[in-house]
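Shared between the two complexes below is chain A, which has chain B as its partner in the first and chain C in the second.
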Partner chain A sequence: MVPYIARRLIFAVFLVFAVSSSSLILARLAGGDYVTESLGIEAHAATVEQARARYGLDKSMGAQYRDWLGRVVRLDLGRSLLYDRPVSDLIPERAANTAILAFTALLFATLIGLPLGVVAGSRRRGPGGAGDVIPGVIRATSLILLSMPPLLTSLFLIFVAARTGWMPIAGMRSPGEPATGLTLDLLRHLIVPAGALALPLAAMFERLQAQAMAEAIGAPFVLATLARGVPRSRVVWRDALKASLRPIAAVYGIVIGTLLSGSFVVEVITAWPGLGRLMLDALRARDVFLVAGCAGAGSIFLALGSLLSDAALALVDPRVAEP
Partner chain B sequence: MLRTLGLFLIAIAGMAVVGASALAPHAGDRSYRALLNAPPTAPHVRDDMGDWHAPFIYPWALVNQLEQRYEQDRSTRVPLVWLSGGRLVQSSDDARAPLLLLGSDSYGRDVFSRLLFGGRVSLGLAVIAALGALLLGASVGGLAGYTGGPADDVLMRAADFVLVLPAMYVALALRAVLPLVLSPRIVFLLLAVIFAIVGAPFFARGVRAIVRSERRQDYAAAAISLGASHARVLARHLLPAARGFMVVQITMLIPAFIIAEATLSFVGLGFPDPTASWGTMLHDASNVRVFGDFPWLLSPAAAMFFVVLALNLVLERADITVATDNQ
Partner chain C sequence: MGAACSSPGTSTTGGPATNGAALGVPRGGNLVVSVRNEPRSFSRLAARETTTDLLSNLTQAKLVRINKVTLEVEPALAESWIRSDDGRRYTLKLRPGVVFSDGQPFTSADVVFTFKAVYDEKTGSSLADSLQANGKRLRVTAIDPLTVEIAFADPFAAGVRLLDNLPILPRHKLEAALDAGKLGEAWNLSTPPSEIVGLGPFVLSAYIPGQRLVFDRNPRYFRKAPDGSALPYLDRLTIEIIPDQSAELLRLEAGQIDMTHSEILPEAYAPLKRAADAGRIKLVDLGVGLDANSLWFNLKPGAFAGDPRAAWLQRDELRQAISLAVDRQLMADTVYLGAAAPVFGPITPANKTWYWAGLPKTPHDIEAAKRKLAAIGLTDRTGDGTLEDARGRPAQFTLLTRTGRPDLERGAAVIRDEMKKIGVVVNVVTLEAGALVDRFANTGKYEAVYYSPIASDTDPALNPDFWFSFGSAHLWNMAQKMPATDWERRIDELMAKQIASPDESERKKLFDEVQQVFVEHEPVVYFAAPRVYVAVSSRVTNLTPAISRPQTLWEPDTLAVNK
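Take a look at the complex of A and B:
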C-alpha cells in the first residue's frame, strides 16, 4: 500500500513539474511576448528594449528557463507581468474559487445522481405497471443531460436566468457584498456555474449507479435477504446500495479531471474568477510565468484528485495496489 | 428504437452539412446591413385575410434602430422561389427581404445558412480528428501490444502521460503557441492534429489490451506458423478483433471534439472570425442581450446538442459498459 502510494506520488510530482515547465517553454516559443502584446506595435524601440530588460525577457530562452527553475525550487513562481503581483499570490485565491465551484458541483451531482440511480436501477426489472414509468423518465432525462456538456448547460442556465431573473447570470459576488466568506450572495451566484457543471455529471452518476444497482439487485444475497422478509426498500437502500457503490467511487478520480476542464468553460462563460479564466487571460497576454503557474496548479489539482481516488480504491480493494 | 432515432438524426445532420451549399438560402458571409439581429422570418401559407397562398414570408421593418427591434410588414407578401440559382429555396426579393429561417446575427448574416456551413467545419473537424486519433492510437497500441517488452512500456507510459494531462489546458497552451490570427485552413489542420494527439491514448490503451490477449489465441499462432509476416498478423488478424471497441470509442470522441472546437473558438483561440463554425457562431453570441432579445443566435448550441444526443442514442447500451470496464 505505502510503496504504491509513494510511486503514484513521485509520478504526480513529475507530472506537475513537466506540465508547468513545458507550458512555460511553449508560451515562450510563441510569437510575440508580453511587451509586444501590452505596448502595441507602435511602441518606441527603446521603450520596448527597456521593458524587456526589466521583465528579464531579453535573455535567451535557456537562460530564462534556468532562472525560472532556480526560483521554482525555492517556491518562488516569479512575478505576473499582467497583474504585477507574485504568481504565488494570485494562484491560491483563484484556485480556491475553482475549488469552491468544483466541490459544489461534485456535491450537487452526487446528491442528485446517486439516489436517482438507485431508484432507476432498483426498479428496472420489475414487472410492467406504474412503477416502470419513473425509471423511464429518469433514464430519458439523464440521456438528454449527458448530451449537454458544461458548455451547453451553462448557456442554457444563463438563458433561464436571463429570462426569469431568478438568479444572477454571472460573476461571483455582487458589488457591495463582503468580498470574502460564505454569504448567501455567493451561494446565489453559484447556482448557474455549479449547476452547469453538476447536471451532466449527475446524469453520469445516475447511469453508473443504475447499472451497478441493477447488478446488485440480481445478486443472490439480495434475494436471500428479501426471502427472509426484510422490506424491499430497506434491502435496496441499505444492502444493495452498499454493494453497488464501487463504480462511482472509482470514477471520482477521473471526474475531478473532467471538472477541471469543464470548469474552464463555465468560468469563462459565467465570469467566475477561477483558475481557468486566469490561465486564459495569461495566455492572451503572453504572461509566461503566470501561464506556467496556472498549468502547474491545474495539474496539481488533477494529480491530487487521482492520488486521492487511487488511495481510496486501494483501501477498498487491495488488489489494485499489487504490482 | 432509440438507436434508429439516433441514426436518423445523424443522417439528417450529415445531409444538411454535405448539401449545405444547395440547402442554405445564402452564402455564409453574405451580410444584410439593414437587418442586424433580425428575428426569424417564418414561412406562412395563409395571410391575414384568411386566403391561402404558396409559401411566403413577411419582410421585417425596422422599428427602433437603437434597440434593433423589428416588426413584420403584414401588408407585403414576399413569395419564396424554389430551386433557382442552385439553391433549394430563397426569397423572391433576396436583396431587401431575405429568407432568414433562424434570424440574422449582429453582422446581418443569415444564421441558418451559417449553421449549415459551420456544421461542415465543426463536424468535419471532429470526424477527421477522431479518425486521426484512431489511426495514431491503433498503430501505437497495436505495436505496443504486439511487441511487448520495453517498447510496450515506453509507448504505454507516454500514452498514460497524455491521458492524465489536463486536456483542455494542453490544447489551450498548444494553440496559444501559434500566432492568434491564422488562416482557417491552417487552424483546421492544427486543431485536427492537437485533437488527434490528445485523443489517441484512448484508442491506444484499449487496442493494446485487446491485441495482447488476442496474440495468445490459436488463430494468431496459426497465422504465424503459416508464415504470415508480423505486420500482416497484426493488421489482418489481430486489429480486427478491436473493431467493436474502436467504433464505440470513436462515437465517444466525436462529441468531445465538437465541444472542444466550440470551446476553443468560443474563447477566441479557434477559428478566426469570418469563418463560420459552431464555436465562432457562439462566440458572436456571447453577449448578455442575446439571451433575452436575440435567442435565435444560440441555435448552434441547439445543433450541437442534437448531434451529441444522436451519437449518445446510438451508443446507448455500449457506453455504460465501457465506462465501467475501464475501472
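Take a look at the complex of A and C:
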C-alpha cells in the first residue's frame, strides 16, 4: 500500500511540474506579451523596451524558464506582472474562495444525487412494466441535467435569480457585509454558482448510485435479509447503501480535484472571485508567472483528488495497489 | 503680455462651479457601479487600463479637466492660466486652501513632484509618453507655492489640454519611493487603502480582490456645488467587479447595481429597453460615438517581399475598392443592429470641433470598385466570379480581427461577404486581443486588420502618434524614420503646423486638409460609428452623461442617488 501511494505521489509531483512548466511556456509562446497588452499601441518603443527589461521579458524564453525554475525550487513562484504581488500570495486567497464553492457544490451534489440514486435504484420497474414512476422521472431529470454543461446551468440559474429576486445574481458577498467568515449573505451568494456546478454532478452521482444500488438490491445477502423479514426501507438505506457506495467513493476524489481546478466558466459568469477567474485574467494579460502558478495550483488539486481516489480504491479493493 | 485662457469658476466658496448641478440634489447614499476587470494598481502611473483609470479619477484630481460634455478645458486644481505670447509657456495659478485627503496642503511642489515622478525612467510610466508635445517633454517650474510655469519646447496649440491626463500626486507620501527608485511599485494592490492619499472626491476605503472596491466620500474635497455646499453628494461609491457582461446587465435590471462603467453593446439594447419601459432603469442615447470600426493594410515597405501579391496588396486602389464595395449602411444595420451611422474618415460627427462635414463621402458603388481593382491588374480571367492577377493567382487576403468582440466578428463577416461580390476572397482570422496587437504593433506579420482603435483625445494635437509618420500608433506603418510616401510627408507637414498654430480657425482649416489627404489615400478605411447608449438604475440622479469615456463617471462628484 505504502509503495503504491509513494508511486502516485511521485507521479503527482511530476504532473504539477509538467503542467505549470508547459503553461508558462505556452503563455510565453502565444502572440503578444504583458507589456504589449498593458501599455497599448501608443506607448513609445523606448518605454516598451524599458518595461520588457524591467519584467525580464526581454530575455530568451529559455533564460526566462531557467530563472523561473530556479525560483520555483526555492518555493518562490515569482511576482505577478498584472497585480504586482507575489504569486504565492494571490493563489491561496483565490484558492480558498474556489474551495468554498467546490465543497458547497459537492455537498449539494451528494445530498441531492445520492438519495435520489438510492430511490431510483431500489424501486425498479417490475417484469410486466408495472411499478413506480418515480425512478423514471428521476432518470429523465438526471439525463437532462447530465447533458447540460455548468455554463448552461449557471446561465439558467442566473436567469431565475434575476427574474425572481430570490437570490443574488452574481458575486460572493454583498456590499456592506463582512468580507470574511461564514455568513448568511455568503450562503445566499453560493446558491447560483454552487447550484450550477452541483446539478450536473448530482445527476452523475444519481446515475452511478442507482446502478450500484440496483445491483446491490439483487445481491444474495440483501435477498436473505429481506427474507428474514427486515423492513425493506431499512435494508435499502442501511445494508444495500453501504454495499453500493464503491463507485461513488471511487470518483469522489477526482470530482473534488476537478471542481477545485476546473470551475472556471462558472466563476467567470457568476463573478465568483476564485482561482479560475484569476487564471483567466492572467491569461488575458499574458501574466506568465501567474498563469504558471494558477495552472500549478489547479494541477495540485487534481493530483490530490486523484491520489485520494486511488487511496480510497486501494483501501476498498487491495488488488489495485498490487504492482 | 500673455493671454488669459480661463477664469475661475463662479463659486463663491473657493471651489469651481460644477456642471449644471441643481439645487435640492439628494445627499448621501451608496452608488454601485460595475466594471469588468480588476484594477492593476492603485497608481495611474503604474498601469493603464479602465479600472485603474477609474480608480484614479475617483481618488485623484488634475490641474485642469476636459468637460466630457462640452469637450472644453475647465479649471480644476488650477483655477486659471495664462499663455505666453510665443505659445510655449503657461503660468497656472493653483487654487488656494486645497488639501489632500490626509489634511496635508496641496502646493506647486506637488505639481513639480508629479511631473518628476512621471518622467522618471525608473517609474517607467506610459504617462510619460502621453505627456509630451511634439515628442518633447514639458518643463515645470514652481514660481511660488500657488503658481507653476509649464513650458513646452515648441509652440503647442492644445496647451494645457494635455494636463487632463495627469493626476496630481502627494509629494509627502511618495517622495521617498521616488528617491528609492521604487515609485513604479508604490501603491500596488497590497498597499493598505489608508495609504492612498489624493485630491479626488473619494478615498479608497476597501479593496476586496475579485469582488469590489469601496470608496468613501473625501470630506476635504475642493470642488463645491453651485449653492456652495460641499461635494461629492454621495457618501459612498462601490465598484463591483463583474467579468461577464450578461451577469452585469441582469444585475442592473434587478437593481443590484446602479450603472455599468462603460456603454452597453447593441445586442443588449432590446432587453434593456423593456426594462426602461417598465421604469426599472433609465436608458440614455448619447448619439453617434467618437470611435469607428476600421480596416487597414500593412503598408510597411517590403512587408510582402517575395509574395506575388506585393504588386497590389499595398496599392491605394485596393483600399479604395474596399471603401466603394462595402455598403456602410448595411454595416451599420447588420453589425450594430441599426444603432450606428456610416462614417468616411477617422473623425466622426460626435467630435463637433474637428469633424469636417465637407469631407468627400465614398458612395457604395460595386462597378467603381471593380474598376479600381482592374486598374491594379485584378480581373476575372477565368469567369468563375473570382478576380485573378496577371498570372492567374486568385485575389485574396487575410483579415485579422479580435475574438470575443461580436461587433468586430460580425463586421469582418460583412466585409468578407461584400468583397466576395466583387470577386475578392477575404479569409477572416480572429485572434485574442494581445495576439492581434502583437501582430500589427510588434511583429508586423499581418496583411490586413479590422479593428476599432480608440483615440486618446478629440483634439488631433493630442493624437500625434496616429497622424505623424513617426508615431507609435500610425497603424498602417508604425514609427517610420522618414515618411514612406509623399502623402504621409504632406500630412506630417500639415500636422506640424496644426499643432503649433495658436489660431483655432487656422488649426481647423489645416486639419480639414489633413482629413482630405487622408481620405484620398485611405490608409485606414472607416465604415460605421456605433451610437453610444448607457443604462443606469432609476434611482440615479443628477447624471451628466457624455459621449466619451467614462460616459457616466467622468464627473463622479456630482452624481447622486434617490434613497
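Following the convention adopted for this analysis, the second predicted complex is superposed on the first by the 310 of 323 C-alpha atoms of A that agree within 3 Å, B and C clash if a C-alpha of one lies under 4 Å from a C-alpha of the other, contacts with A are read in each partner's own complex, and residues count from 1 in each chain.
Here, a residue touches a chain if its C-beta (ideal position, glycine included) is under 8 Å from a C-beta of that chain, and two chains touch if they have at least 3 such contacts.
If you're wondering where the values come from, they're calculated on a predicted model, not measured in any experiment.
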Chain A as common anchor, with chain B and chain C clashing or fitting: clash
Partner chain(s) touched by A:Q211 [first = chain B, second = chain C, both, neither]: first
First (chain B), second (chain C), both or neither touched by A:S306: first
Which superposed partner A:F264 touches (first chain B, second chain C, both, neither): first
Chain B versus chain C as contact partner of A:G274, first or second or both or neither: second
Contacts of A:P149 with chain B and chain C, given as first, second, both or neither: first
First, second, both or neither for A:A162, with chain B first and chain C second: both
First, second, both or neither for A:V13, with chain B first and chain C second: neither
Chain B versus chain C as contact partner of A:L107, first or second or both or neither: neither
Touching partner for A:R85 - first (chain B), second (chain C), both, neither: second
Touching both chain B and chain C, residues of chain A: 30-32, 155, 158-159, 161-162, 169, 268-269, 280, 284
Residues on chain A engaged by chain C in the complex (per definition of touch): 30-33, 36-45, 47, 50-51, 54, 82-85, 89-90, 93-94, 97, 155, 158-159, 161-162, 165, 168-173, 175-176, 179, 268-274, 277-278, 280-281, 284-286
Touching residues (chain side chain A, partner chain B) in the complex: 15, 18-19, 22-23, 26-27, 29-32, 143-144, 146-149, 151-152, 155-156, 158-159, 161-163, 169, 204, 207-208, 211-212, 246-247, 250-251, 257, 260-261, 264-265, 268-269, 276, 279-280, 283-284, 291, 294-295, 298-299, 301-303, 306
Complex interface listing, chain B residues touching chain A: 2, 161, 164-169, 172-174, 176-180, 255, 259, 262-263, 266-269, 282, 286, 288, 291-292, 295, 298, 301, 304-305, 308-309, 312-313, 316, 319-320, 323-324, 327
List of chain C residues in touch with chain A within their complex: 30, 32, 37-38, 40-41, 46-49, 121, 124, 126, 128-130, 184-185, 188-190, 206, 208-212, 214, 238, 240-244, 246-247, 250-251, 253-254, 256, 431-443, 453, 456, 465, 472-473, 475, 478-479
